[in-house]
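Okay, so chain A shows up in both of these, paired with chain B first and chain C after.
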Partner chain A sequence: MNLVFRLAWRNLWRQPRRTWLTTGAMMFSNMLLVFMISLQFGMYSLMIDNTLQAFTGHLQIQAPGYIDDKKMRQTVADIVPLAESLRAELTAQHVAARATGFALVSSEERSYGIAVFGVEPEFEDDVSTLPGLIAEGRFLRDNEAAEIVIGAALARNLRVALGDELVLLGSGRDGSFAAGVVKLVGIFDSGIADFDRSVTEIPLGFFQDMFYMNGSGHHVVINAGGIDGVAALQSRVGSLLPAGQELAVHDWDALQPGLQQAIKADMSSAFFMYGILVILVAFSVLNTQLMSVLERTHEFGIVLSLGLTPGRLGRLVLLETAIMGMLGLLLGALLGGLLTYWFSINGFAYPGMEELAAKFNLPARFFPQVSPLTLLIGPGVVFIFTILAALYPALRLQRLQPVEAMRAV
Partner chain B sequence: MTAVRCVDLCKTYRQGEEDIKALDHVSIDIDEGGFVCLSAPSGGGKTTLLNAIGGLDKPDSGEVYIASRRIDNLSKGELAELRLRQIGFVFQAFNLIPVLTARENIEFVMQVQGVPSGERQAKALEILEEVGLAGLEDRRPADMSGGQQQRVAVARAIVSRPALVLADEPTANLDSKTADGLMELFRELNDHHNTTFIIATHDKRVMSYAKRLVRMLDGRIVDDVLQDAA
Partner chain C sequence: MHMIAILMRLAWRNLWRNHRRTLIMLMAITLGAWAMIFMTALMRGMVAEMVRGGISALPGHVQVHHPDYRDDPSIANLIPMSDSELSERFAGAGFAAWASRVRVPAVITSEYDSRGVTLLGVDPVSEQGLTFVDDNPVEGRFLESVDDAGVVIGKKLATTLNTQVGKRVVLMSQDPDNEIADRGFRVVGLFEADIKAFEENYVFAGKATAQKMLRITDQVSELFVLGSDHRNVDEVYDKTVELIGDRAEVMRWFDIDTYLGSMLKVMDGFVFVWIIVIFLALSFGLVNTLVMAVFERVREIGLMLALGMRPVYILGQIVVESLLLLAIGLAIGSALSWAAVQPIKDGIDVSIVGDGLDMWGMSNMLYPELLLSDVILANVVVLVLGFLASLSPAWRAAHYEPIEAITKV
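What follows is the complex of A and B.
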């Protein structure tokens, strides 16, 4: 072992209690950071996947401009053959076509304005969790059938039950009057009241007839399985689109900008708290190293008189701090990693979490996501701030005069 | 050839409301291979002169030359390099690094000088044997007697064979037998390696080893004589 390293190491253990206290503070904060960041990233990943797999998908093919101005006329022509051809190419992903319209839905007693989605019954459960949320009845089966599934809240509002008929009135693609009578075959319960109150699904074939779509639709939804590799998939999908037809491929970030914003907002507040934690640790290190430097003033005078430059002396103090910081980093990351790994298998929940989770369409237990990034980002920042905190004591040494230093007790 | 030259050195310290003249127009030349004792009562200026010669403290005025190179106007870094390469220090309080063993204390200076590890270790063991501490190389200062610690300090000072060794009251914390042993070691190094020694002391027995005795009082040289050493 290098002599300077040995000297730094032994200097640290002159006051073992103080060194352990400071290292312990670093270790604890590193553990906490590893766990919290892993939990946070796990939550985000879950939020994104749940939200996207619920309905939006990771990618959508739309007519250009539709994303900003959702007009009935902005359509994707021959949408079912397009979805079929993409399905044949993208064997590892799921593809389904949809159309969207707005209508007034009426039961015998009441009427409400709703969003009507025309979906491919055979493929919809590949791109949406909605078919799995059917609480009563069944999901759509036949692409041409005059059937509808609605949310539990809307069913309550309309005071309808399975088998009842509902009347849909809206505007067709060409602006003409669109109307249809559908039979209620299923009621879903997503747990999100707004969604259950306003979203309905009917078969795409029936939708195209009713709204005079002439074979067109509004979205081809692609479920990539996860957000990793979406960018690459987006460019691949772009290259598979039929030539001569102007279409846009949007990723989940463009389709759900609120999701990313919510994550960023949550991240900002969390990182503010982490910042405070890191600064507290840095002050603890500053205190330790300042004391350590002050009580060794006499000894520093000796080594200066032997020919060590103040710069090298400062580097020795920084090395001592780096060793202590590295110890805190390794122990903190290791213990934090083990703790987080345990929770990543068994899940993590706290009182009142269910309500919050339901709000974001999340399960009642969170599973932290351990990765090299979550293991090292927090401890890495603590380490950097630890070194920064030791700069002041190290710089103080630059002013030290050998004779004055040796006079210190 | 002149090893050390001091020209008209002045240094004043402020002690409370009073100005103390630690060096009052001191000039002295010391030849290579000299064995000089600076003797003075406490506060006579011997340590201040030693510090000025060693570049540990700057005089208020005057000039200091080591091997014909003026050093009183050098930067901190240049002075550190000078001390590292050309001067060995021995202090009254031994001043070893407490967390390092005897061998590591000696190696430390060589490590700073950039001496390779193998050579460092061999030299350290060799010098420890030379100062009579063979077998104690792995002891830390706290596990050694005062005499042993001072021998380690001497070994540290001379391991790189500096041209000049400055010793400030090196025997003050030693018993008479150990002090004699140390002085004999100094003389041996002086005779065999032509190392120049400047020793600040008020111990008469130490003075008896000197080839040249310089007496100081109130910051001035009041007597400078050559003598037959013990």
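What follows is the complex of A and C.
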């Protein structure tokens, strides 16, 4: 074994330029793959976390069918006690109840139709980043108080300031007319005008009175901290639900189907590109190894006639490729790791990306993280394809006739 | 001139001396060229589809608003010029299409539920084919005139509101004096949109009917103009500014929807990066091939030099060989990418990740867009960079010492 390895090693350096060029192709692709995959995976998890922790949560308990129709009548009965009992069971996660309605929100001068969320003031900041975005005033405090927090853009459009009164008009759970007067106690600023214009929050207790909810609500939101283990948590929550009522537990993928699919769409185009890169490297290896085999026809003829089996020669060629591939893998992963590490400290930005990033709840500057997975997945695939590419030249050797081969120049 | 012909012949014959190596390299270049152009066509198609969707949603290439409308899209910010004056000015201006509309936030209420929507008071005749609804099958009918008494709503909104064609709904907004303005409408039609959010968001009514409901006369919220090409809107923009003067704000589509605008720019940059990356992956193999070709022919090159061939012709011979190889690969690759686009010209159904594409602002069909400019860009970049890459091995070949080279084994 040791002898074969030494032979292979020396063979590689008979043509150092060629070997380095081929290794260079691998290093280049590996470096790029490590960096791109680290960036991509980092972006995906950030996208998921930011989107889910902003408002949706990782799991929600809803009435069956609510997810499709979002009708006011599809409620979860006695939602506060339900959230309370879940909170007692799920100590590692955060739980809060919400109700959703639509109302015409009017100030003295203006009216806007907008979604109104009834939230538990005490627990909302466990499942949403919104309470932390309050730019003026404070978040809700009392579950029964006639108070409201709205977005900065909406406050501007309604021409209201803290302390002003707003009138809410909407339809209640039974379709009847629902009305209330609330005091503006807080203004949040998410930086996204559309979001600021589309969400308002009032205390859940007040919401239930105003919209004739009779103690019911629409969502129990569970923040699991991260997406790992959500499936197990989902079945656990399912088993904790009260027997009397038919309820559905949805995971984040069902709640935000776009998220997973946007990632899939992005991934499939990225993988197409990576695939092309890998195949181009494989061609490069194929070319090099074929040349190196053809060059040595004469020499191979001699060793064959001396009694070496074609099988061992084939293994020699594969070993040469494997050494070269390993060199490319290690150096490429090292360079890629360093490149990613540099960006993980200094951040990566691409001109014009801020706009695109904001749309997916991402910051304008990314800090890709190196992990063993992102470090090895790309170079590993390149290595496999490198070996596959060397199969053809190695198999060609099996048909070599010693005498003919020796005559070759 | 004569020399070039000889060099061409020499290079051509040299290329096929080792046909296996040339073929492998040719396959790599072909695959690279195909991937460059085909992938670019898909990405271009994706962005074009987003821009198309975006422009039909805005709608138009150039829009006119009250200067405060974009921050505060309410009835208070109407274009400070009467609608009839606008028509007078725009009618004879020779635009491909233009229309004006009332666009205000409103609340729609059925007997079951209510939602916040954007009410569009439109002239169905002048808007035909300009926005996202008219291209799609409509249940019931679309509006027929500016004083049509019905409304057309999205299919999804109809489900949420539990209403259907023939049923009545109430729309509520406010008039310029901040009084509630409401009116009952019969739903006369349902529209479907590629982007599902539009179905929940927009309600179409006749322009005159909407004006009557909002208690305004002969005024509109926005005017939009459609030119012939979304990439070149300056002419339309300048003409619109001329017609409007400084009485209202005139904006181009990419200033209004900055997400779309930067998407287009980022994509232009990305296409270039992609072409370069593929080239770099190819370049290792290309240089390698040339290095080997030179190495094999050291003696023959030495002989040529000894016989008096000038070094520059040796250099030329190698460079021409490289360019020939690239040109053949590029030609086949370009042809293949054209062929690959043909069967999917009518669109690929990508609805499997439809919700995700909704997030990007894309519809469920992807139409590849093969631009001649991209084909030329890819070919030119590869030829120019390939020329540069082949200079180093060619330079070495041209500077051999004749005696040394001839005596080399």
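By definition in this document, the second predicted complex is superposed on the first by the 380 of 409 C-alpha atoms of A that agree within 3 Å, B and C clash if a C-alpha of one lies under 4 Å from a C-alpha of the other, contacts with A are read in each partner's own complex, and residues count from 1 in each chain.
Note that in this section a contact is a pair of C-beta atoms (placed from the backbone, for glycine too) under 8 Å apart; a residue touches a chain by one contact, two chains touch by 3 or more.
Computed from a prediction, not measured in an experiment: that's the story for all the values here.
Participant: First (chain B), second (chain C), both or neither: which does A:186 touch?
Facilitator: A:186 contacts neither chain B nor chain C.
Participant: Looking at chain A, does chain C or chain B touch more of its residues?
Facilitator: C
Participant: In the superposed arrangement, does A:10 touch chain B (first), chain C (second), both or neither?
Facilitator: So A:10 only meets chain B here.
Participant: Kindly classify A:257 by the partners it touches after superposition: chain B alone (first), chain C alone (second), both, or neither?
Facilitator: Second partner only.
Participant: By the touch definition at the top of the document, which applies to A:171: first (chain B), second (chain C), both, or neither?
Facilitator: It touches chain C, and chain B stays clear.
Participant: For a test of understanding, state which residues of chain A touch chain B in their complex under the given definition.
Facilitator: Interface residues on chain A, with respect to chain B: 3-4, 6-7, 10-11, 14, 299, 302-312, 401-403, 406.
Participant: Would you pull the chain C residues touching chain A in the complex into a rising list?
Facilitator: Going by the criterion above, the answer is residues 20-21, 24-25, 27-28, 31-32, 35, 39, 42-43, 71-74, 76, 105-109, 111-117, 159-160, 162, 172-174, 178, 180, 258-259, 261-263, 265-266, 269, 274, 277-278, 280-282, 284-285, 287-289, 291-292, 295, 350, 352-360.
Participant: Looking at the complex, which residues from chain A come into contact with chain C?
Facilitator: 15, 17-18, 21-22, 24-25, 28-29, 32, 69-73, 102-104, 106, 108-115, 153, 156-157, 170-171, 175, 198, 257-265, 268-269, 272-273, 276-277, 279-281, 283-284, 286-288, 290-291, 294, 350-356, 358-360
Participant: Mind pulling up the chain B residues that touch chain A in the complex?
Facilitator: 51, 54, 56-57, 76-77, 80-85, 87, 89, 91, 95, 97-100, 104, 107-109, 111-113, 156
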